[in-house]
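Below are two complexes that have chain A in common, paired first with chain B and then with chain C.
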Partner chain A sequence: MGLELVTGNHAAGYALAAAGEANRSARGTACGIYPITPQTEIVEFVSKYKFTKGRVIPVESEHSAMGVSLGASLAGARSFTASSSNGLAYMFENIMVAGFYRLPIVLTAVNRTLGPPWNIWADQGDTLMLRDFPWLQFYCETNQEVVDSTLLAFRVSEDRRVLLPSLVIMDAFIMSHTQMETDLPAQELVDAYLPTLNLPHQLNHERPTTIGGLAWPQETLSQRVEVDRAMLAVNDVYEECRQEFITIFDRDPGAPIDAFETDDADLILITSGTIASTAREVVRQRRRDGMKIGLIKMKMFRPFPADDLLRACENASRIGVLDRNYAAGMGGVFWHDTKAAFQGQRDNVLIQDYLTGVCGGDVTPAMVNEVIDDLAGRTKAERPMWKGIEA
Partner chain B sequence: MSSSTTALNESPIRCSSECLLRPGNTNCGGCGMSVSLTMLGRVLNEVGQNCTLVIPACCGIVTAGGYPTTSYNVPVIASTFGSCPAFGSGVAAVRDLNNDPEQVVCWAGDGGTYDIGFATLSAAAERNENLIYICYDNEIYGNTGGQRSSATPAGARTTTSPFGKKENKKDIMSIMAAHRIPYAATLSIAHPEDFKRKLKHALSISGFRFLLAHSPCPTGWKSEPADSVQLVRTAVNGGLFLLYEVYDGLHYKVNAEPDGETDPARYFEMQRRFPEGAMDFDAMRAECRRSFDRLKAMAERFPHEG
Partner chain C sequence: MIEIRIHGRGGQGGVTLAKIIATTRFLKGDSVQAFGIYAAERSGAPLQAFCRYDDQTITNRNLIYEPDHVIVLDPTLVPLGITSGLKPGGWILINTPESPEHFGDQFTGYRLATIDATSIAIANNLGTKTVPIVNTALAGAVAHMLGFTMTSVEKALEHLGFVGDNLTAAHQAYQQVNMNAACDPEAITVEHPVIPKTFTPGFLEGGGAQMPRIITGQWAKEQPDRQQMVPPCNHVCPAGNDVQGFLAAMARNEVDAALRTLLQSSPFPSICGRVCPAPCMDSCNRIHLDGAVNVRDIERSIGDLGHAEIKPIANRDERIAIIGSGPAGLTAAYHLGRLGYQVTLLEGGDELGGLLRTGIPSYRLPREVLDAEIERILLLGIEVKTGHRVSRQGLVRLANEFDAVLIATGLQEVRSLQLGLDDTDAVVQGIDFLDQVNRGEVRVDNEDVIIVGGGNTALDAARSALRLGANSVRVVYRRTRAEMPAISEEVDQAIEEDIAIDYLTMPVSMKPLGENGRHVLTCRRMELGEPDESGRRRPVEVSGSDFDIECSRMILALGQSQDMSVFPEGTEVRENGELIGLLEKPVYAIGDLATNDGTVAAAIGCGRRSALHIHALFTGEQLLSAQHDDGDVVRQDAMRMHLFEKQARDEGMAITAEDRFQSFTEVHQGLSGEPSHEAQRCLSCGVCNECDRCVTYCPEGVLTRVGHEFIFDYAYCKGCGVCASECPRNVIFMSRL
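Let's turn to the complex of A and B:
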């Protein structure tokens, strides 16, 4: 393997397959798959992969794809799948089950605008629709980050302190169909990084239980509180898994948030996915022009890294959030959660939302510059501003 | 005394904590599903096998009781309503990868089979997944208090067909046979030895196996709990529910012929879900004859040898 020129889809397919293969000395790997543009190449990749002990089942819908993965996971296999947009919407019901059954499934989601109208371009509305369920969410910026986050996600998800599924996310086409130089780690390294899966609540014929039957309010409440506890454990587990990753792969898979030039920054942009690449270049330019500006790329969105965010923004008085998503009647979701993190902690920070690249539009350096100029001249925040609408 | 009654007397159903369905569950008196579950447990015991049950939303999952207790003596996964055979496919795939001996049994009502889970069922059958699918068909959404399903027979009053259902029951057996699955068969708890033989056959082969059990539901059918077995016996003897098998979707075998004496109208009269005077009994009798003639013709033309 080693350095190759591959698309985001190829990178994701490789990482999912390698993770599945790494469980061959235990219960193996099995999953359900279903195609949807722009993630189809991922399920094609894992379909042609020759697993030592694995089965990829091409089913009739996304709902069943996750259904198969749930059954496989409960039977002790390492499991994963991939989807996008309306596919995720169709899968929704079973996606919830993965979280509440505490199954460490990894789902690669290629962000695509939810229809109608039918639009295949990047928009985070599909994965953000899942923000309130027990799934970790990792937004990626490069194809390398897709590979690394996928492997890291399995480690974090399968940790006994967490046992929650993960979404590893990339932008439609800008990543899924764009080739980048990517290090695809050899199987031996993946084997070394991913211990075989030993699911504590795997089906057991010696001690039979009913998984997911009726539960009363009090029992269900304790389940939710346990999810909360697991979410709280993610930060520490993530850091351990990140350090282990560095040891084995000699590369940093990245922290939950990537803070760029934030130490002395008065003005900070917050964004995610590929918008971060463009914004970083613009911020670098503005720094050269003497502006005290920084950038935070949110890699981990769930659990929401509020403490990291507050720390990185210690010296900032203005924050501009660039959201490639729109929650109807409210605004950008990253903005909303950012405001919630600051509320009651640092109420004097101006936090303005910019809806950029929503429905797949390009986010250009010029647009980011407009955002910065607007933010720098503000005395108060207003309702989210739509960007990129041609007059 | 019929031979089926003799068989029941010879091997009474002993309920213990070792049973697949343990005593103390909250199922209704006269529940056909409970009897079928007990039969499944007995047959598994006889052949020395174990199973995992995958159960979608239906009375079968309520049967398990409230967390953390369970009325089942085998591992059970509650699937989402439309996903039972998908969950089952995942479990069976991993079972086969690891050469585990346990059977995977999808246990679903008619709502999860004929309606919301139908696409999933069809797809799993088309893939010939290595699992047993048992539909206990009580012809109604029982768990939600008795609404029509596509398994509800014409004429039956339900809360969503309050004036009697106008449409005919879906012929799920023909549809499943058309998938060319290794084995499809109908089951009646009034014919326990036939029930047992078919389960044993299903347990002895691999691939997708579909079993349809006619499952009396006194609560939904507005019938007397004590009449449950007699009701489904009347259905078989009167030609309303035909006992047969289809091998590989191609070869037919009839297991019980209508006795020629039982009037199928009796079946309707024993339940209060059919509005009085709303049924055209002559048309119904003619339809019973036609269905059986058609099945018999298939069995003669394309017989299962053996």
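Let's turn to the complex of A and C:
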């Protein structure tokens, strides 16, 4: 395919379909799917795609979409789906099942504000609602990163050491509906990168079994410990898959965290998604003005890359977290997990939360500059600060 | 980096224009972005799209607040702040037929270009005439304006799959764009747009999401309006009744109002409610749901239960003679009487009513019902002369004496079969038999009676014979039930009463059988051939199929024809019933005599039309509304039938078949339930009944009802047509602006 001008949705659809097609010599691909603004273009793309083996099945709801994908995945198909916002909320019950069933399903989520009031614009609250379940979460910054992270997510999820589903996430409209130049890799390269799926617990009529029936506390606990081990394995597996990606595609899909100018930084901003692009330009400008400032883009949010974060912030005394989400009664979720990572490790760091672009507001360079000025002048952290509103 | 902001309306292709510009630069190797601001993506809503391009990698992910250039797809958006944040010296491209000079110094400090992309799009069949898609034309204009080569835009369009007319449009716009590069950037200072940070209270304070109201202005290409149409029942009613109107009044349980509506056209609701073949019910759209509304029985209830006082509305000197007191003559007398004319009604018999009295048995039309409705007419001050048979000379005298004469003598000539015993007691004419029945002058005890014919007279004679002691009654008819002109319900009731019907049977001869008063009727079987001029299939004899039936007497009910003997020699009857060749005075043949329609309802309609015609002749006042155009009639396909719930029809009640023997008690007893309940089944086809579904479904909230008025707020109406498509009864129409 090569370089194309496509939307984030188109990029996601292409990567999902190419990954599914890459399993054609095994059990093919099969999934359920249901549309919702702003993800609908993904549904359109994969529904039109002519798979050599398997197909995408339109269903009547998100809950059933994941239900179909669960069954397909258990039967050995490479499976995926896509949703957003209240659609994810309706899918929630089966999303948990995918994780605890240890199925390597990849779900493209377009971050959209959970209603009411009805709001279709970017906010991470929908995917962060799923943060406590056995799913990997990758937040993307560009359409290219959507393509690359999707392929990478299949590799990591399907690795025997992991076998957990992944969410590949982009901002509503700012990515999903924005056309940018994007390299859509040829099918041969995707085939080379993604080995056919070989699920250890694939359903087999010669070996009938029940998956997910009643289990005693101790048995269930064992499965949770297994999830924990799988999560712990992700970092190494990710790095292996990343290196292989670079070899095959000649492009870096990105590390779990992207540290920009952090080595000597006293002040560091942490953020995710498209805010990272805007913030990086502001940081670059502030660097030119002489400020010792850096930026960390969190690509991987689950498992939380605490060690990477601590290492990148070695010389920092102040951290500002820009959260495009709000957990009621607490604050930004990225901020909360960042504080937990530093607790007991680096207790002398000031970590302040800024609620930026929550409910879909535009995060401008001016807003990022306000954040930096506030952070630089602080002597102590306070409760999360609302930005973009006179609250 | 160059940043462009596009102002357009949903459906115009603004986002695609951003993509075309971005693709043009992308193919040149630039880093690009193209995106829109999305909301509830309503067609016609103002929207913005954006495009960035740069030879460096673009990192900015914001909306564009301070664009280098602005493109406006719809000139009605110009007043909405298109220059917000626009950098001095930037281009403004407006889709308009006007030249840049037209805008005067409105855009000082900017370069201005105009192009009539709408006309180019329409000329190239892009989009629809209602919503032309102007983006490919504008792409050509943008190319010229920003100094891209036409080739680079062509490549972009082809890359995006635009071919043919789109390329032509782009080329034309590239050539035609009207540019004025003169500007003085120093003359203006641009304020940096402020992103609002206002706190707006939520649900608890009564706030929350509000749908924005959008002035559609010139953008709307169609607009709705309400127009009452013609229900099929009203269209077909021979009497000219406002069927939907009286059903609506009855549905509200306003029986007196319903009666007043009926009396506008017909003086005989109780009679028609019993004997009308009810073509309204045959054309009722409800047939396609769960059966026609039982209009006949509802009309009967209204006639029987309602009260209405009828008085002349004026007092006029003109004297009018009406010959014949059947339904046509009585109706003409009624309407002329109401209009204040001096009416004299001349009846050859000794009682008024014509065939209503002599031809319809009382088990179908009780005498007291007939008498009451005639009495209501006479109370208008009609002068009555019974026993007054009018001869040819009499007619000429009347024409001299009166200002106008209406002749409503009906069909007097009967048809007969020459089978051998025609002039004996063995063969009786149906109308004569029924007249005798109504006078109580005949009995047929222990007789085997054969009736020949398939109309109401045949059935009335058969059922009367049964009630007068007949041993057996048998109807012989040449065609099948489907072709029978008799009211279907009456055929059903006859069958219930054990009357045998021989279809496809024709009598060929009749002979006496000894001296005991019995006869043998030889009949021949028929089969249906090709349709004749009446549209009914013509019966054809089956050879060798003769068979005999024994009977005591045969009653002939083969229809009647006009008796022209009353007219002076040399008169001709025109199409409209007017007699030519008499005096200067208006003399008209009306009713069956003129039209041969054969139903009470048709006679009522003719009587009314004739009366109003006479009135128009004397006064010039046209009270008769124009005939409906068939195209204005709302048929089933124009109704949204799926919106109506089923409700079983009230079939009415009848006395049992056993109770009918030896008795002339009225058989049909009217509705079994409340008349209002059955009237509520009326779908009100083509007549707004203020169901307010259009108001509920208007997505813009611009349609309201105040009292009986529906108010369309056209300033905010986008012409989407939802009100029209949701109207259950086809009274809202879209028209092109």
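By definition in this document, the second predicted complex is superposed on the first by the 389 of 391 C-alpha atoms of A that agree within 3 Å, B and C clash if a C-alpha of one lies under 4 Å from a C-alpha of the other, contacts with A are read in each partner's own complex, and residues count from 1 in each chain.
What we mean here is this: a residue touches a chain if its C-beta (ideal position, glycine included) is under 8 Å from a C-beta of that chain, and two chains touch if they have at least 3 such contacts.
The shown structure was predicted, so the numbers you read here are calculated from the model rather than taken from an experiment.
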Is the arrangement of chain B and chain C around the shared chain A a clash or a fit after superposition? fit
Which holds for A:Thr127: it touches chain B only (first), chain C only (second), both, or neither? neither
Should A:Ile174 be classified as contacting the first partner (chain B), the second (chain C), both, or neither? second
Please work out whether A:Gln352 is in contact with chain B alone, chain C alone, both, or neither, and reply first, second, both or neither. neither
Counting only touches as set out at the top, which of chain B and chain C does A:Ile57 meet: first, second, both, neither? first
Broader residue contact with chain A after superposition on the shared chain, chain B or chain C: B
Just to be sure I read the superposition right, which of the two partners does A:Pro208 touch: chain B = first, chain C = second, or both, or neither? first
Would you check which partner chain A:Val363 touches, where first means chain B only, second means chain C only, and both and neither mean what they say? second
Would you check which partner chain A:Asn325 touches, where first means chain B only, second means chain C only, and both and neither mean what they say? neither
Rounding to a multiple of 10°, what is the angle at chain A's Cα centre between the Cα centres of chain B and chain C in the superposition? 60
Smallest inter-chain Cα gap (chain B/chain C, superposed on A) in whole Å equals 18
Quick check: in the complex, which residue numbers of chain C touch chain A? 15, 18-19, 22-23, 26, 31-39, 58-63, 65, 195, 197-199, 202, 208-209
Contacting residues of chain B [partner chain A, same complex]: 50, 52, 54, 61-62, 64-68, 70, 72-80, 82-83, 86-98, 102, 119-120, 122-123, 127
Chain A residues touching chain C - in the complex, by the definition given at the top: 5, 37-38, 116-118, 120, 173-174, 177-181, 274-275, 277-278, 280-281, 362-365, 388-391
Provide the residue numbers of chain A that touch chain B in the complex, in ascending order. 27-28, 30-32, 53-55, 57, 59-61, 63-77, 79, 93-94, 97, 203-205, 208-216, 219
